Amino acid sequence: MIRAAWLLNNQLSFGSVELIPDWQQQGGQLWLDMVDEPQSQEAELLRSLGCHSLAIADAQKDRRPPKIEEFEQFCFILYRGFSSSDELLDIKTLALAAFIGDDILITRRGGESIGVNALWEESKIIKYLQTPPLLFAKIMNASANRYMQAVLEVEDDISDLEDAMLTESNDELMHKLIALKSHLRKIHRIQSYHVKLVKKIMAGEMARFDVEQGELKHSITDVYDKFDRLDSLTLMYYDLCGDLIEGYISLSSHQLNRTMQLLTVVSVIFVPLTFIAGIYGMNFEYIPELTYKHGYFMLWGFMLAVASALVWTFRRKRWL
Amino acid sequence: MIRAAWLLNNQLSFGSVELIPDWQQQGGQLWLDMVDEPQSQEAELLRSLGCHSLAIADAQKDRRPPKIEEFEQFCFILYRGFSSSDELLDIKTLALAAFIGDDILITRRGGESIGVNALWEESKIIKYLQTPPLLFAKIMNASANRYMQAVLEVEDDISDLEDAMLTESNDELMHKLIALKSHLRKIHRIQSYHVKLVKKIMAGEMARFDVEQGELKHSITDVYDKFDRLDSLTLMYYDLCGDLIEGYISLSSHQLNRTMQLLTVVSVIFVPLTFIAGIYGMNFEYIPELTYKHGYFMLWGFMLAVASALVWTFRRKRWL
Amino acid sequence: MIRAAWLLNNQLSFGSVELIPDWQQQGGQLWLDMVDEPQSQEAELLRSLGCHSLAIADAQKDRRPPKIEEFEQFCFILYRGFSSSDELLDIKTLALAAFIGDDILITRRGGESIGVNALWEESKIIKYLQTPPLLFAKIMNASANRYMQAVLEVEDDISDLEDAMLTESNDELMHKLIALKSHLRKIHRIQSYHVKLVKKIMAGEMARFDVEQGELKHSITDVYDKFDRLDSLTLMYYDLCGDLIEGYISLSSHQLNRTMQLLTVVSVIFVPLTFIAGIYGMNFEYIPELTYKHGYFMLWGFMLAVASALVWTFRRKRWL
Amino acid sequence: MIRAAWLLNNQLSFGSVELIPDWQQQGGQLWLDMVDEPQSQEAELLRSLGCHSLAIADAQKDRRPPKIEEFEQFCFILYRGFSSSDELLDIKTLALAAFIGDDILITRRGGESIGVNALWEESKIIKYLQTPPLLFAKIMNASANRYMQAVLEVEDDISDLEDAMLTESNDELMHKLIALKSHLRKIHRIQSYHVKLVKKIMAGEMARFDVEQGELKHSITDVYDKFDRLDSLTLMYYDLCGDLIEGYISLSSHQLNRTMQLLTVVSVIFVPLTFIAGIYGMNFEYIPELTYKHGYFMLWGFMLAVASALVWTFRRKRWL
Amino acid sequence: MIRAAWLLNNQLSFGSVELIPDWQQQGGQLWLDMVDEPQSQEAELLRSLGCHSLAIADAQKDRRPPKIEEFEQFCFILYRGFSSSDELLDIKTLALAAFIGDDILITRRGGESIGVNALWEESKIIKYLQTPPLLFAKIMNASANRYMQAVLEVEDDISDLEDAMLTESNDELMHKLIALKSHLRKIHRIQSYHVKLVKKIMAGEMARFDVEQGELKHSITDVYDKFDRLDSLTLMYYDLCGDLIEGYISLSSHQLNRTMQLLTVVSVIFVPLTFIAGIYGMNFEYIPELTYKHGYFMLWGFMLAVASALVWTFRRKRWL
């Protein structure tokens, strides 16, 4: 699908590729949004609009990390958009490519994009399309908001995992924590790329983004703050998960120590006593002790003395 | 609640929004402090004073991290103030937004602020309001002092946890240590943001802060030193907690080894002997050894020999 | 083997060293590709073409890490090419040395090079040899693609290892994970060097690479993006492997705790009861209890009471 | 106590505050050294000499980290001096404040300072007081030497701990190692501050330190080298302690495995055999096997066969 | 011992201190090499040649880390040379001090130096002494080659340790790995200093080293590459050792789990059965079951049923 929005003298017309020649002749600003087009047609169209072939190749790959590069007629941005997430932050992303020209914004993606959808609205297009980079900043902003929402939900999850593990730990909780940590590592990498991308814009490396201009400047700063926060939050949550896992190993060690102390105490006390009982259960014809009048009671006395001494010793060692 | 302090010719008047037109007409400096106002009224008032809408939006969110951004009429600072803390450094924070103009300081917050309260005093306002950035530096300074107080108390706690764990470790101590570590990680992140914020001021990026001016310069340096120290201390305490946890795992391993060596020694000695006693406790009709005259004593001799050999072996291995 | 490709007025001739004098007299561009030549002859030839002896020495060593250095007549690049890989990313590499002059590219290697082979094709040589640095950028690009292919396959492997370990862990899986982690560390080091190498080119440190020229600029940026991605991906996968290993230790701890709790429960219940049974299995002549009418049933009652109490206690501790 | 040394035309006079007016009128250089004075008097004296109130406040606090700040008449340095140390590097420090003017050095401390004492000697004062920053560099130098002495002693301790732990590990050794690691972390933080402090001086940020001047330049470099070495050494020792602890966990794991394999082998062999012996120790009226002629010997044969098979199995698994 | 080599008009004379006045009067270049001289005489000689006293003090200490500092007449370099190494990379180093002047190189060391010995050869001295910094670069180069040789041998050792630990782990292997890791940490620190040292030279900070000059430039780059590679390799091997240790902990955990599962299965099955056998081995006068006709067989049936149920359960849990 290709859809187009053409802004001329504050008048917005919606349509498709047929708006391109109108825009080329009459001026104004154009937003071209392409989804799921056949790759060869897409490439041809982009090339006809002046996009560089290396940029087109990048745009059509699905797994490239975010980047920004300036070409003669366009600034090319590859952005990683938010597609969906589950409760363990297993975020699915999509590649969103943008070619930003002086009077044109081309967005190209392989599926539904939260950022593009949020901005494809008459009022917003009229407001922002006059400055294509500003429009794209707003798209990234909508996307960053969605990432933030998903990441912030994790804080409570970690808190719950913390409480749960300290009380009634089970394998499932550990699996969740390990998975969450792994997903956070992956999101952190994406947001690191986004931070680098926006930093380059702010540093003025892209001539097409006039970052001294008030509205654009503050919008870019706003987006930067959000990515920087995502970067910092995901790293912190990643560390917190790692610390919980390490803390859990430590707790387990302690509990295992206690468990084994109990087992050892019981064994050290009863194993030798059982051996002695076994001795006097033997059927030798001649075992003198068995005929002693008070043999049975003397043995009980001896056993109780040994057991008491052991109990006292283990108490002192704080094993009991 | 909105309260205002208006300084004109060293005369201080307290009041509310009604002081705004006076200040606009007659000059002087104004400090406007807003708490818990309805968001829409608040936004309208701020907009009427010339604040940028992106900054107003940031100011009204509760969880944004600290930042600093320059606008035309104001320097906007988002600061994370100290609200309360428990003995495990579970610090509750609040968002404190400041709009600093040439002759006005607007502070906006969602609850009680230690920094603002410490400075809202006739003598201090008279002393500092003439230079609004100086007044705000003093507010941050009061807040940093409170953070420092909470963080420094932790040193003794860690020391106590260290001693306690080495002597009478229990689950509760481990829980405390894990929680403390997690809280330190979170505070460290906030203070990292504060360090970055003040560093930007010191680097002269904010034209409104004339950091060459003596009084302001030294006050900002003072605040910077405090945040830098908080950053460095929380990171060190975080590391120390992590090292204690790792050290505890190591200690546990060693103690478990000792415990299991004891259990193994007792088992290796008595389990085979008990088996032999069991053998001669069987009721087979024909067991020749049972009829030997000294069979019982020969068996004792054999058992003592085996046990002695094992004890000697384990002694040599230092298991006993 | 030495092969040569000589481009003059868009005419390409293939041959060997005999093309060198032609190129020297008539101009045009020359690509000289040397494999497995005797080191002394190789060195002599390179020296006769103006290569610096330090660079020649570097080129002939097999284990030097990637580097870039500018000499008077040549820019010397030592690149680590991809040779082969197994499913655990045990990548074998080869040293690929390049001398890049204004009108000549000399490549020297000790085995089959994926990058060189991919570019040694009439159409590609005609397209790129006019700008020797561009040709070499394309060689690196082909090599980076091959690395990327190998590294991306790892993602599924890690995912499989993650699932497998959580369900049916065995030693073999752990060995695989440990080996994979170690290989990732080694590839990360190589890619770090490649990133540094291309960064130097992009920073304009090499006068021979006119990185402002459009085609070369975007090709170098493309190669840089790939190495940067390899660097970032291998580091992330390395971290993920480490996290899996640590997570596995934590899971093991938990399962060991459960196992030992079961052993302890069974032991604590049955070991004392077995001792008591042993007591009444002794053959003392006088054991009063044995003659009680309901002695046997009273003992059963006592034993059941003890066992029930213990079971109840362990239930409460959640050991059962 | 306040003591003063006044250098005029190479003539040195010792005294106390009474030397201040002489110095103010006749010139020369003055070193004022203050210990344990009442805070208010101290503050008044410092203020009368032109010290800034923020610097005075810093100087009088006991736990502030090292810093350097330039004021109009003085360069203010807060240095953390060496007070005492035990064999586990539990270093006690003291705050040493210095106000360095063009012709005056004021040192202020809360206890005995090794650096100050080392320099308070007629010959040294005459040699260095003419350049107050040089004198203070020499004070830091003496202090750094004392730190270095304490830190270098640690190398042998770590080596001993390494050997001891691998042979006859006990809890006390582990406690020592954990404590040593924690102290190293704390000293590393102090030395990091000192490195930053001297780096600022070397970078020429302090106008009062003319670091181009030969003698001062080399003295400052010398002090820098020492702090940098302390920083690097404490970090390395800290890492080595952590590695030892981790290595010890690994060794413990291995030994525990061996211990448990022994326990398991003994249990797996004897527990079933003991069960069988118990079976034939039962008093059922009708147990046919008991009446077999060679029942006892057949059972022994069966038991030895089982035991041999198990021993062979465990040998193959290398558990024995 | 002091030896000297004096180069004048391509004529080389060997001798000792007596060559100094000749060199001072007639010019040319001098290399003075001092080993094991009495410290006071050494210091006097160096001072007479114009060396700074701080540099002389540094040169005579044995444990100072590498550094570089420029003085008026000399560039002073403190280098850490290679002395000897064992198979676990327990490298002994020596301090090699160099004073590099316009026409003189003074080397001072406390023992045999591989670098100095490699260059003290008529042909090499004639080749390099005309440019004293070049001669010293070649000395560092020879030393770096020796470090590299020792470090590269480690790769196979780590590979062997990896294989050995996964198959037949024992305490000795773990000790080796822990020692190797600790030695790598120490060499890494030295090479970090060497990298910093050569980086300063390359950055042109030392006026005496004209790093634009071709021969010197490439030689310095060559030395830099080697130190950078040593730095990178030792860090990687250090990480690989740490990863192996951590991997080993994980493997141990897994094996311990398996071991304890076996012990628990055997115990859970046989301990209760042995208890029951013990019950019917008791000598109570009245135990009704004992008189049942098929009591013995019924008991066997019951025991087999219990055992089968347990075996089936453990199979399902994959403990068997």
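We call the chains A, B, C, D and E, going by the order they appear; numbering starts again at 1 in every chain.
One rule holds for everything that comes next: contacts are C-beta pairs under 8 Å (C-beta built on N, C-alpha and C of every residue); 3 or more make two chains touch, one makes a residue touch a chain.
Labels paired with UniProt names: A, B, C, D, E = Magnesium transport protein CorA.
Given the structure is predicted, the values throughout are model-derived calculations rather than measurements.
Visitor: To get from chain B to chain D along touching chains, fewest steps?
Guide: 1
Visitor: Report the inter-chain centroid distance for chain A and chain E in whole angstrom, where each centroid is the mean of the CA atoms.
Guide: 37
Visitor: How far is the middle of chain A from the middle of chain B, if each middle is the mean of its Cα atoms, in Å?
Guide: It comes to 23 Å between the two C-alpha centres.
Visitor: List, in ascending order, every residue of chain E touching at least 2 other chains.
Guide: Touching at least two other chains: 246, 249, 253, 255-256, 260, 263, 267, 271, 274, 278, 281-283, 287.
Visitor: How would you write out the ring of chains in order, opening with chain D and then chain E?
Guide: From chain D, continuing first to chain E, the chains appear as D, E, C, A, B.
Visitor: Looking at the complex, which residues from chain D come into contact with chain B?
Guide: Residues 52, 54, 58, 63-65, 67, 69, 71-72, 168-171, 174-175, 177-179, 181-182, 185-186, 189, 192-193, 242, 245-246, 248-249, 252-253, 255-256, 259-260, 262-263, 266-267, 270-271, 273-274, 277-278, 280-283, 287, 289-291, 293-296, 299.
Visitor: Hey, which residues of chain C end up touching chain A in the complex?
Guide: For this pair, the touching residues of chain C are 152, 162, 166, 214, 218-219, 221-222, 225, 229, 232, 236, 239-240, 243-244, 246-247, 249-251, 253-257, 260-261, 263-264, 267-268, 271-272, 274-275, 278-279, 281-287, 318.
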